[in-house]
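Order of writing sets the chain letters: A, B, C, D and E. Residues in each chain are counted from 1.
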Amino acid sequence: MKIGVFVCHCGSNIEATVDTAAVAAAAREFPGVVFATDTMYTCSEPGQDEIVDAIKEHNLGGVVVASCTPRMHEQTFRRTVERAGLNKYLFEMANIREHVSWIGKDREANTNKSVDLVRMATEKLLRNRALHPKKFTINKRVLIIGGGVAGIQAALDCADGGLEVVMVEKTSTIGGKMAKLDKTFPTVDCSSCILGPRMVDVAQHPNITLYAYSEIEEIKGYVGNFEIKVKKKATYVDWKNCTGCGICMEKCPSKKATDTFNEEIGKTTAINIPFPQAIPKKAKIDPAFCTMLKKGKCGICAKVCPSGCIDYEMKDEFITEKVGAIVTATGFDLFDWTVYGEYGGGRYPDVITSLQYERMLSASGPTGGHIKRPSDGKEPKNVVFIQCVGSRDKSVGRPYCTGFCCMYTAKQAILTKDHLPQSQSYVFYMDIRATGKLYDEFTRRAMEEYDTNYIRGRVSMIYPKGDKLLVRGADTLMGTQVEVDADLVVLAVGAESSAGASELAEKLRISYDSYGFYMEGHPKLKPVETNTAGVYLAGACQGPKDIPSSVGQGSAAAAKVLGLFSKDQLESDPQVSIVDIKRCIGCGKCIQTCPFGAIKEIDFRGMVKADVIETICQGCGICTSTCPQGAVQLQHATDNQILSEVNALCQF
Amino acid sequence: MKVININSSYNSEFVKEVEEESGQKLNLCYQCGKCTAGCPYTDEYDICVSQIMRLTQAGQKETVLKANSLWLCATCESCTARCPNQIDVARIMDVLRHMARREGYGGTGRVKTFWDSFLSSVKNNGRVFEVGLLVNYISHTGRFWTDIDLGPTMLPKGKIHFKPTEMQGKKEVEKIFMRFKEESAK
Amino acid sequence: MNTSLNYAYYPGCSSTGTSIEYDMSSRAVCAALDIKLNDVPDWSCCGSTPAHTVDHSLSSALSARNLNQVASIGMDSCITPCPSCLANLKTATHRMEDEAFRNKVNKLLDKPADTRVSTKSVLQILVEDYGIENIRKKVVRPLKGLVVGAYYGCILNRPAELMQFDDSEHPMAMDNIMEALGATVVPFPLKVECCGASFGIPRKDVVMRLSGKLLDTAHAIGAKALVTACPLCQMNLDMRQNQINHANGSHHNIPIFYFTQLLGLALGLTEKEMGMNKLCVSPRTLLDAMANEETIKEKAA
Amino acid sequence: MKFQKELKDSIRKALPELDVVIGWCGSFDPLHATPHFIRREEDIDKLEIGPLSVHNLATYLPGLRSKKVGIVVKGCDSRSVIELLQEKLIDRENVTIFGFPCTGVVDQAKIKKALGHVGNVQSCDISDKSVVVVVGDQAHSLKLSEMLADKCHSCRYPDAIISDYFVGDKIGDAVPAKADYEALETFEKLSIPERFGYWLKELDRCIRCYACRNACPLCVCRDHCAAESRDPHWLSQENNVRDKLMFQVIHAYHLAGRCTECGECQRACPVDIPVLMLKQQMNKEIRDIFKYEAGVDPEATPPLLSFKMEEENITEKDW
Amino acid sequence: MPVLEGKELRIVGFLCNWCSYGGADTAGVGRFNQPTDLRIIKVPCSGRIDPLFVVKALMNGADGVLVSGCHPRDCHYAEGNFYARRRLEIMHKFLPILGYEPGRFEYTWVSASEGQRWQQVVTSFTEQIHKLGPAPKIVGPEASDTLSLMQAAL
């Protein structure tokens, strides 16, 4: 094989600490290399053209590009060599940017290391073979996990695009966090007025099947052909017949149930519909509080239900759905702020979270939209907002900025003045992050028009003083300690990944960061893809996001799914294992260890042999490292290819 | 107010020394002010602790080491306990005091005189001799009325002794101080 | 119950003077609970705050001498009533894990520092090693009718990484003990606020302000007394209570107990053994009221 | 041996249904036995079992997979049979197993060492206690216990674990005379560099004959062994220590969780390289980490072909 | 080109494509400085890594070998790292009998987001290898010839 080597400067990204010309010169001495050069931006159009020209001019059979990580541009260059008529697998990359030039400044060592990496790549390339993908048919249905605003958007866009959509929502209603909000920034329009109709659309769309109060139990398969096991949790109410009339709620004697929808500002009944606009508007029983389920006595709801849908014997149900793509929109949860002992750790009733305050502001909330202190029901005069509670704080393991608290705090300060014109709001902040259209103007309005007193500094302590709370903070601009007598303290609690996010990621086989947020395919260029084909991200499951960003990502994910499904068949990755039938002794160890069931036993002239089903094989190579005699080899990562890399690096 | 040139007034040696002696990284501080917010001594400080942090970060040696605040910090640890960036601020205050002593700043404050009297009591007796300490402090400050009012209450309670308790190893303790002096002189 | 509790005991300098009743009551309580205390032989001052404001190696050397004294009687577990001593001894052990620092300290010492000794507070071992439930069983004279707040001071639990005991913002050890003794505990909001520490002599004004705020708060929440675990806190709040009243124009008359004093009382030890007479703000009325309550109950029975 | 007749009767009974029965018979001299393939009734008489029955005949089974085969096994050999069954390399219905209680087999290397140069052996009489070898008209009486193979001293399975016919009385659970892995423990006293030097020195005399592999009952890849393959190409065919040692590591690793320590590899080595030790090391690890022993349960899953989400005995490095 | 004499030792890394290779990229993107000794071979999954690759590298003259995959339960292929953990652990414990110090080979888990962890792993592994010094080498006049024959034959 005649090999051409292209060593990229990446502007100064590589060239600054790697002598690319020297690397190219060294490469010319390697076996098989007939052409080597250094180029300014190999990925640019002229850079790619240079490769195409060189292939033609030097009759190259393979190309090595030493540049950035293959995760960045392997696809790009594979297309380039394909353009010149080469099979795209006759290409290798040496990562001399992320793994060399960006992690050290020693030019001599870096150059030396780059030469090694190029040598490794050429040795591997010498053993590469042309590979050809197989085609397989796909199931054009999509699963949306999570029914918040991002999931709703993705579902509606997919359904409008003609796809069958299956939506699975953990709680008994869709709407997510947005449904809990009173108003939205920076327009201060009513949250349920803009979200409500879309929720109804989900319920009424002929292409959407909604499983509320359900969870993902198991995911099998791969892009184009996933098989999903959905657990429909027992609601003890037959939803087919439940009309959502709410009589059961009126009559239920157990009125101490946890009201998660209202962020535990109040209590609800054991049988409940979370809120009047819930979709689906169906009742469910909370077994932890239902006297009938706990003690076998009561049964009032069954007696009063006009459609007779109460079923105390109901069990969880499992349903299997087949889809070709998955959009994950599982959102976020609030940081558990009670780790802040200095803010009372949850001991003071008048220290509440921003989302609790939101429920209080909402006309459909437990206080009917009246701001009242939880301790005594009085209207507060001084309301103190503390920002960055569980954000930008390493000491509680949350060093990241949640990003939207500055905005909702400004909104809540404005709403406070609207509700209680005599009140005074104080906001302790570190920096105001208002980087969106009309965002900064909005925070300015909170100060200029609504007289919100912004104090730059964190709060060190809250403690009760009489019937007030003394908030002790700093005003770093004045350079001193300040105290505020507060009637109510609202904590702008940060966002964290939703409970169970990592378990779901394991089922989806996607990566997540150390905080449990899902990893996108590329931070800039693949914001809604994951590294698992056919699985996409929407909304805050990928990182904290405000409503416009979540909706934008929901639509983007939908576009990705629609794009994927625009073909009737997908090409399988040819980097799969194949069995050398002569060498196989039929011991079945590969079959035993394959995680995908991609290897089957076949009869070959009366002998047992293994055979790989190419469209099922995912290319992990466990079989190859299991087979003692190496009869099954993972294409593009064969034993000989890896050994050649080892030999290239370790020359005794 | 003083206008300063941010690069020419930056004392990099000072920053390095503080970081080395305290084991803390000054750039972790993002000036949230939570240390100042919790500091019970802010009332007495001439420069609040978050600004001490900022000035130190900015290499403003003179201003920092001259600050009275250094001598009013009681190491109550509330800054350290609550710093979102887990900076041991109290330790930095300690280190700044060490430097101020070495470089001859802040020698007039009453707190420092008290601390010095305390240590000389330990040096001489191996343990603190409370009455001796008070007498020593008074003789250095001339504040004769210090706690004189407490005498009548305290005397009958058997809490006041006019002789230090005897300990055998007091020479050992004294040697610690002597060696420390020698080592510091090196 | 673990009857083999056995510790080296480091009293600290103030035990010989201003906090003599803390020492007395700690020893008596431990004796009553079969906790064996072995005095650290010929102990010396830990250096307290003044030493570490001069130099960390000096401070650690002063502590290390005492840690060596503990090791000299073959013990590796030391307790002290005083949080300041505790902080110094623990800091020394912790910092000396670093070899370079240890060498620096060793240069100041006669013999190299023994780093195996661990130190805890008397409060910590009572709660963790002896156990509150076991204390509850030993109560013979419940503190009925006593309305008390627990004040921990600034360094007993801070920094959390070093002290490794209780909650650094909202400690409960003394609250729980007082509850077990039958007292009515009112949650004290400023549990870990500084009282002014050793500034009583050089900057009395600071102590007047900070300790004054503590007394004001105690009064506001209806605490009839405070319990403390720190000689400095107790001294500022008790011995200087008159000075505070004078300076702030207040009229507080709040007895400030060491928690060991009330514990001893509940265990049936005498007021004299507990050094109740050593307190500046007289607890007489409170103690009488408690005794009264007891008699009423007995009569009722 | 006392149950030899009983064994022959059993074989006679089973032979009509079988293509071949493998046992042992006399060899070129009275000190050695050799594998014996019984196809006809008259072959049965030549069968001899006893302390000279050293070969692990299970080695032949995979090659005769399509035939109906009878096999005579010692306790240790039976473990190899179990392992082959577990790995589905032989079929239970095609194998008839004849077991007997084994009291140990000799180690020819030890006899050779005791006698010095072994020339023309005239006779060899083995009793319960002694081995009397007559060489050049001179009789040498050797203690049997000292001549037994090392593995016999730590044997825990003297009776075949699996059999269709068992002759003689079972010995039952034997208490091993020696702990496992004594040789290994002695070796571990060497420093790390000494060990490296040791292997280089030992392997230096390897002639790459692969007798170790050919004798191994679990080396089932045969013609496709990684040692001689070019795809994958793990080893060169050169005469260098690197590849010789690498092969031993490959052998040991490919046997991890499978090797029953029959010792055939080491016995077969013509230049006496202690190659068993490497396999023992693997086995020791397998035993310590996974509490697993190969060749005792045909239904078990070998540890390297399975996993647990939480591994109790693996502590990973803490960075 | 050999390693830089006196400055570097030969360290080979086998990294899975999905997590650790990405983690090393993340470290690069974050400009987390690392020692230059390590050369990374990318494999699809830690389950693809035959422990014999590790031995091969050492016998070919590597001074240290580092394997890194996805954290247990996070494998892109669901189970690869579980198999890898068992197999690599066996080899980890085996190498000392051959005469390689226990610290010559380590395996660990680094996710694609853990750039800092990767920096930490590389730095401390490199330090560890430098502390051990060069690995024992099998020397012989035939060495370089063998290598070229080997590569030609692959």
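The rule is simple: a residue touches a chain if its C-beta (ideal position, glycine included) is under 8 Å from a C-beta of that chain, and two chains touch if they have at least 3 such contacts.
Computed from a prediction, not measured in an experiment: that's the story for all the values here.
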Query = Hide subunit A: connected chain groups?
reply = B, C | D, E
Each chain counted as touching subunit A and subunit E at once = D
Query = Taking mean CA positions as centres, which chain lies farthest from subunit C?
reply = D
Task = Check B-C against D-E and say which one is joined by more contacting C-beta pairs.
result = B-C
Message = Centroid of subunit D to centroid of subunit E, CA atoms only: how many Å?
response = 35
Query = Which whole number of Å gives the spacing of the CA centres of subunit B and subunit E?
reply = 51
Key: CA centroid of subunit C to CA centroid of subunit E, Å   = 55
Remark   = Check: subunit E positions touching at least 2 other chains come out as 56, 60, 73, 79, 83, 87, 138, 146, 150, 154
Note = For subunit B, residue numbers touching 2 or more other chains are 43, 78
Message = Quick check on subunit C: which residues sit in contact with 2+ other chains?
response = 168-169
Task = Provide the full list of chain pairs in touch.
result = A-B, A-C, A-D, A-E, B-C, D-E
Ask   = Within the complex, which stretch of subunit D touches subunit A?
value = 87-89, 220-222, 224-226, 229, 231-234, 242, 254, 301, 304-305
Key: List of subunit C residues in touch with subunit B within their complex   = 13-14, 16-18, 20, 42-45, 47-58, 61-62, 65, 69, 104, 107-110, 154-155, 158-160, 168-169, 192-194, 196-204, 206, 209-210, 239-240, 242-243, 277-278, 280
Message = Help me check something: in the complex, which residues belonging to subunit E touch subunit A?
response = 1-4, 7-8, 10, 12, 18-19, 21-22, 24-25, 27-29, 31-36, 39-45, 47-50, 53, 56-57, 60-62, 70, 73-80, 83, 87, 111-114, 119, 137-139, 143-144, 146-147, 150-151, 154
Remark   = So, in the complex, the side of subunit A touching subunit C is made of residues 340-342, 345, 347, 463-466
Request  = Can you check the complex and tell me which residues of subunit C touch subunit A?
outcome  = 167-170, 187, 189-190, 217, 220
